[in-house]
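Two complexes are shown next, each including chain A; its partner changes from chain B in the first to chain C in the second.
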Partner chain A sequence: MNNSHTITHRQLFFIIVQSQIGVGVLSLPYTLFAKAKTDGWMSLLLAGLFIQISILAIWKLCEMYPKQTIFDFMPKIVGTKLGVILNTLFVLHLFSVCVVLLILYNSIVSKWIFFQTPRLVVISILAFTCVYCITCTAREIARFLMLVSPLLLVLFIFVAYAYTDVHLLYAFPVGATGIKTILSGSTDALISLLGFDTALVFLAYTQGKSNSKLKVISYASLCVTLFYCFVTFTTYIFFNPVEIVIVPEPVLYMLKAFSFKILERTDLIFLSIWIVFVTTSLISYLFFTAKGVQSLFKLKHHKTAAPYVGVICALIASIPASKIDVQLWSKLIGMSALCCSALFPIFLLLIAVIRKKKEKGAVST
Partner chain B sequence: MTFFKKPRKLLEQKNTSNEDKIQESSPSSQTDSVNTSHSLQDANSKQNQSIDDLLKDIEKSFSSSEDLMTHWIEMPADKSRVALIFLNSIIDKQKLQDLILNPLFELDKDIDLHTFEKVINIDFKQQTDFSKIQELILQSYTLIFTKDTTCYYSVFTPVKTERDIKEPDNEAVIRGSHEGFIESMSTNIALIRKRLKSPKLVVKYLQVGKETHTNVAMLYMSDIANPDVLHEVERRIKAIEADSVMTPGNIEESIEDKTFSLFPQTLSTERPDRVAANLMEGRVALLYDSSPTVNLAPVNFFVFYQTPDDYNKRWMLGSFYRMIRLFSFYIAIGLPAFYIAIVSFHFEVIPSALILLMKSSLENIPYPPLFEALVMELTIELIREAAIRLPTRIGSTIAIVGGLVIGDAVVKAGLISNLMIIVVATTAIAAYTVPSNEMSLAVRLLRFPFMVAAATFGFLGIVFGLILMFFHLCRLYSFGTPYFAPLAPFKIGDLKDTIIRLPFFKMNSRPSDITPIKKDEDNHTRKWDKS
Partner chain C sequence: MRKATLLSLFSSLFLLSGCWDQTQLNETKLVRAAGFDYIKNGKIKNTASVPQSINTEAGGVGQVNNQVFYAVGNTARQSRIKLDRKISEQVDASKNLIVILGENAAEHDIYHILDVFYRDPKSALNARIAVAKGKASDVISSKFEETETTVGIGQYLNESVRSAEKASIVPTENIQTICPVMFDPGQDFGLPYLVPEKNDVSVNGIAIFHGYKMVGKIYGAQGVMYTLLTGKQKHLSMSLTKKITDKHKDRILNYVSIKVKKNKRTFNVNVSPDDKISAHIKLDMKVVITEYPRDNLTTKKKIQNIEKALSKRLTKDANTILHDLQDMNSDAFGVGRKLIAFHNPTWKKLDWNKEYPNIDYTASVNVKVIGHGIIE
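Here is the complex of A and B:
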């Protein structure tokens, strides 16, 4: 691996944060509310705990095979042939994640900004931008993701402005829905927290001590969980429980109500900033995908794969036409993503550990 | 240069080691570092030719150009003939008379041909390399051939065609030095040396252009500049293979990292104080023959927004105006786009009090906002371009006709809304606040794609445009150093002289993006305050 491609801990932190915060932030409170009512924010915290297990698994895998991406060490763990199959499946899963990101982005944009614009156009401009962005090294991507991170503060301030008009009583009674519903709500929360799995490729480029890498990823995931929790909780105490059911993007509706002397529709500005975060998550996932395609087809550089990946994703993403289709696709892909990103690393780690033990046993006997 | 009428007493014998020292300190030593092209074929075989044959050969190699002059002089001592050869057009005849002819004729009878160089002057050199003849003549040397055909003599007699040192028009400052570079490389180096009286300031001469033989001088501080960067700059300049290298732009384009980028990757300036300050940060300066422009590399984006004025203001004011300039970057690229996006897509963003105002201004305009903006922006560029080409006296007329008359008439005729005039004028002014001309041009051109993006996708288009632009800045390098440092990669310590300017006693380390080998900068200027 070339020395000039490495990234620092700080950059890794922002990569994880930027990949995790994405499309989900707008509609998350609504989807959580559908399951866990006003206790949705607790489901979110639980989900944050669950993904810590996956993060541990990812970190352990990358520690066992340093300076290698998942595509490099997969054949080493499960054998060459099975490795290729699993790699292919994993790349397909990454493709599907990119597609669902594009679909959800399009559904929001067409609902809030462009009502008439063809799907393919709206999706293509995002895909084109991202393809340009991933035709470089991980280091430059990391620099960019870090550069746009101060925008998170702007998002935070926008949401925090809601506290001028909140009613804490809306959040009570806490925990009334029972642990079961809170738990079932956390699966939905997990999907929106996905993005930490990009560590599977970016950890390979990170320099420095292994322990601090784990710390960095965990902190990143903690920050995102808390931020999401803050957003969700704010919307729950801003809208009363009857209202939330009818607003699918509570954050935007909340901002729409604010108007300043110099700015009337805050939600449009918020959306513009939100698009940056959609772009950053798509950049890291597309980079991940392009790396996967590179290793599958044994390309010299992932640059060659980037345009094809972008075009394929954009074309597939413009297929679902109706709202129901979009919901179906995002649900299916969400579940499969949950399995591949959160559960699969744990299984992979188990296999790797067993294999290592066996090898050790074979050596000692 | 000193002239003397009476010859000095002759030294006993020629002392070669002494001679070498003199050669090194003379400005003509620059030719030593240069690779000569062997255009006179079989140079060494010439060594034993007679003078007449040799001169004929030289004449032939210059295609019998009529400004190539040959003068024959008869030595009084032994009646032997001496030939002077030079290019009439590029030598100073007065100097030739004073430095060569007068001393020669005032020589005593006992002068020996082999030692007469001793009496003449510091620029006088004995040469044995016959392949260099052509090059020396082209560099304003006068060559002297004697009957001794193993060697010849050269005297540096350049004609002085320099203008006075003036403040550069496009980089004027309110306070501070008003000196600017001129078209003479040695004067320019002198202007820099005057500011950096340090033995660590190194000058390295390179030559590019097979026909033009353009001299390039590379200046750097040997204890600060990173050897890797130096090596890279030198490697790229040496790799230039071209017949003619006429302007600094040629070299700039040949050595920059990405030619397909709007952003300049070397800083050109005509201010010696700016060069000196940048040399002290570890950058490399490139000076060119007969060009007042000096290029500095490696640079980052924020260097283009610094001016020597910042350091002569109180630091808070300096920071304030630095921020104004950086803010103007956004205005210059984004304001027309933002306006277009609002009036064509997002009318809802404007507060209700303003809506009526905008509506009334826009209602009777027959054209879409993009067209309006394009027309006005192009008009401004037109006026600007015309104002540069026209003589200064007519230039002000153009400004009045263009700016006032067209602007007023266009609004009255109902072609363009008056809000658009405000937007376009503000944008034009914002683009001129950039202290560097290249960056100002880049910014002016950038606004057009943003306008088109805004007209097609509204805010979305602007956001994607900004993402693409910032990503481009993130992946741009200047001689291997990140271009958008210290923001990407983020270094909080280096922000002290980019977005803001901290007081001097806080600037105790050099910016790390240029990877100087000496990181610490001694700026403890307020030690008296510590007690």
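Here is the complex of A and C:
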């Protein structure tokens, strides 16, 4: 592998953070509330714990096959033929994730700011920006993601401003819904935390000690979990439990009420910053997809695949028209993404470990 | 070649600004104050004030012409659409400053009217909201002295409510801040109550709500006590003038004026084993004496006397307010909210609307004088 393609630990950290924080942040409190009521933030913490298992699996896989992406080591684990099939399925899953990112982005943008602009235009503007970004190397992508990271602070400050008008009592009684509902809420939370799976490809480019890589990914996911938890908790004490049921984008709605001397509509500023985070998530997933397509078609460079991936995603994403369609698509793809991104690495690791043991056994006899 | 590419890339920048979602200022009329009334047949009358600046000779002070429009419809949105037909350009309420509800509109369900504000992504959720004595249309359409000059009626009303907020006569609320409380089964709220007078409009008290409906009023100076009881800690000028004795013939000598510097609220809600609910609000105030014509605040004893008299007087005032609120069945300070949070099993059992007027609800005020201006 070319030396200029590698990335450092710090860059890996920001890649994971930026891929995890994405479309979900605006509506997460709402979806969590639907199940776990005001204890939704606890579901989120639980989900944060669960994904540590997946992260561990991903890291172990990448440690067993250093400097290889998932598409390189898949055939080695399950055999060449099955490997190609699984690789194809995985690429399809990545496609669907990109599509759902675009769909959700469009649904919010067209609902809040661009009422008249055609869907295809809103979607392709973002898709093509991302396609342009992924035509470069992993290192350049990492640099870009790091460059926009300070914007996270702005996001944080905006949300923290809500504390000027909160009702702390709305969070009580804590834990009234019971452990079962909190657990069932955590599946929704898991979907919003997806993004750590991009490590499956970016770990291949990361230099340095293996242990510290694990640390970096875990820290990144911890940061994101805590940030989400903060956002969710804030909205729960800002909105009344009866009210939040009718507000699908609580974070934006909350900011709509605040105005400063020079900023009248904070929600619009927030929305434009949020779009950057959607872009970064999409960049890392599109990169992932393009890498997959590259290995499937044995292309020389993933650059060649990028435009096709972008166009296909944009076209599919502009299909769903009504709110119900959007919900259906995001729910289905959310579940499939959960299986492929969080559970699949664990299975893959199990197979790999069993294989290795057998091989060892064969050698020793 | 390279130059040509760069040039074409650069010129394509001009295509980037789309033309679908644009609202041009010269094609819109901005509503700065909106009023809602129910008229006899149950329809909604929407009043909108649209200020238009009049061009004067160069250098002259810009005059503002207040155009007021009316429209009647079955719902708030329908009346807005009808309003749009009457006005030459597109009506835009995204810069609205204040929403005025007529008294009979406030006594109906106010959420029915406000729904359009909460639903529209462009609406101004940070607009203030107030209740008008009589009709909202009267407040918006009357010619006040101040509005004749440079400010529009929306700005004038907004400023008068804001100055009342600063003086703590009314609580600080906007369309969004009342929303969570309005939905809350365990808490209610109050809004500024405007009374139109001959040449101006005065913020005359607080309209008290229960759920979605207005149920009563608190007048004048009691508003400060109400705001203090909500737990507001400090504000620019929370001033009170109270009578503390009857001893003097000269009426003015019986009074003392204070300014609250710090206000600390301790709010306890207790449930006894046999499910009796009692609530107690304790206020610890640090005040500065701003007017006391009798003078002689030299000794500690005298100050203590004033503290005692004030504490007694304010405790009485506070209890009157709590009592009034119980009579109106408005849980403005959120006893119910405390029950939901800390005594959830009890809350689930009871019917709060029936229980609240009968709970043991008291207040006590403890005044401490920390200053008395530049003379003693």
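Definition applied: the second predicted complex is superposed on the first by the 365 of 365 C-alpha atoms of A that agree within 3 Å, B and C clash if a C-alpha of one lies under 4 Å from a C-alpha of the other, contacts with A are read in each partner's own complex, and residues count from 1 in each chain.
The rule is short, and it goes like this: contacts are C-beta pairs under 8 Å (C-beta built on N, C-alpha and C of every residue); 3 or more make two chains touch, one makes a residue touch a chain.
All of these numbers come straight from a predicted model, not from anything done at the bench.
J.: If you count the residues of chain A that each partner touches, which comes out higher, chain B or chain C?
T.: B
J.: Please indicate which partner A:E140 is in contact with in the superposed arrangement: first for chain B, second for chain C, both, or neither.
T.: It touches chain B, and chain C stays clear.
J.: Identify the partner contact of A:K331: answer first if only chain B is touched, second if only chain C is, both if each is, neither if none is.
T.: A:K331: touches no partner chain.
J.: Taking the superposition on A as described, I'd like to know which of chain B and chain C A:H167 touches: first, second, both or neither.
T.: So A:H167 only meets chain C here.
J.: Based on the superposed arrangement, let me know which partner A:K67 touches: chain B (first), chain C (second), both, or neither?
T.: Touch status of A:K67: no partner.
J.: A:V276 contacts which: chain B (first), chain C (second), both, neither?
T.: First partner only, chain B.
J.: Quick check on the superposed pair: does A:K360 touch chain B, chain C, both, or neither? Answer first, second, both or neither.
T.: neither
J.: According to the stated criteria, A:A257 is in contact with first (chain B), second (chain C), both, or neither; which is it?
T.: second
J.: Please work out whether A:I113 is in contact with chain B alone, chain C alone, both, or neither, and reply first, second, both or neither.
T.: After superposing on A, A:I113 lies in contact with both chain B and chain C.
J.: Return first, second, both or neither, reflecting whether A:K323 touches chain B, chain C, both chains, or no partner chain.
T.: Neither partner.
J.: Considering each complex separately, which residues of chain A are in contact with chain B in the first and with chain C in the second?
T.: Residues common to the chain A contacts of chain C and of chain B are 113-114, 259, 264, listed in rising order.
J.: Sort out for me which residues of chain C touch chain A in the complex.
T.: 18, 20-21, 121, 125-126, 174-177, 179-181, 183-185, 334, 337-338, 340-342, 344
J.: Give every residue of chain B touching chain A within the complex, in rising order.
T.: That would be residues 345-346, 348-352, 457-464, 467-468, 470-471, 474-475, 482, 484, 487-490 of chain B.
J.: In the complex formed with chain C, which residues of chain A make contact?
T.: Touching chain C from chain A are residues 111-118, 121, 165, 167, 169-170, 172-173, 176, 238-240, 242-243, 256-259, 264.
J.: So in the complex, the part of chain A that touches chain B is made up of which residues?
T.: Those in contact with chain B are residues 8, 10-11, 109, 113-114, 122, 125-126, 129, 132-133, 136, 140, 143-144, 146-148, 259-265, 268-269, 271-273, 275-276, 279.
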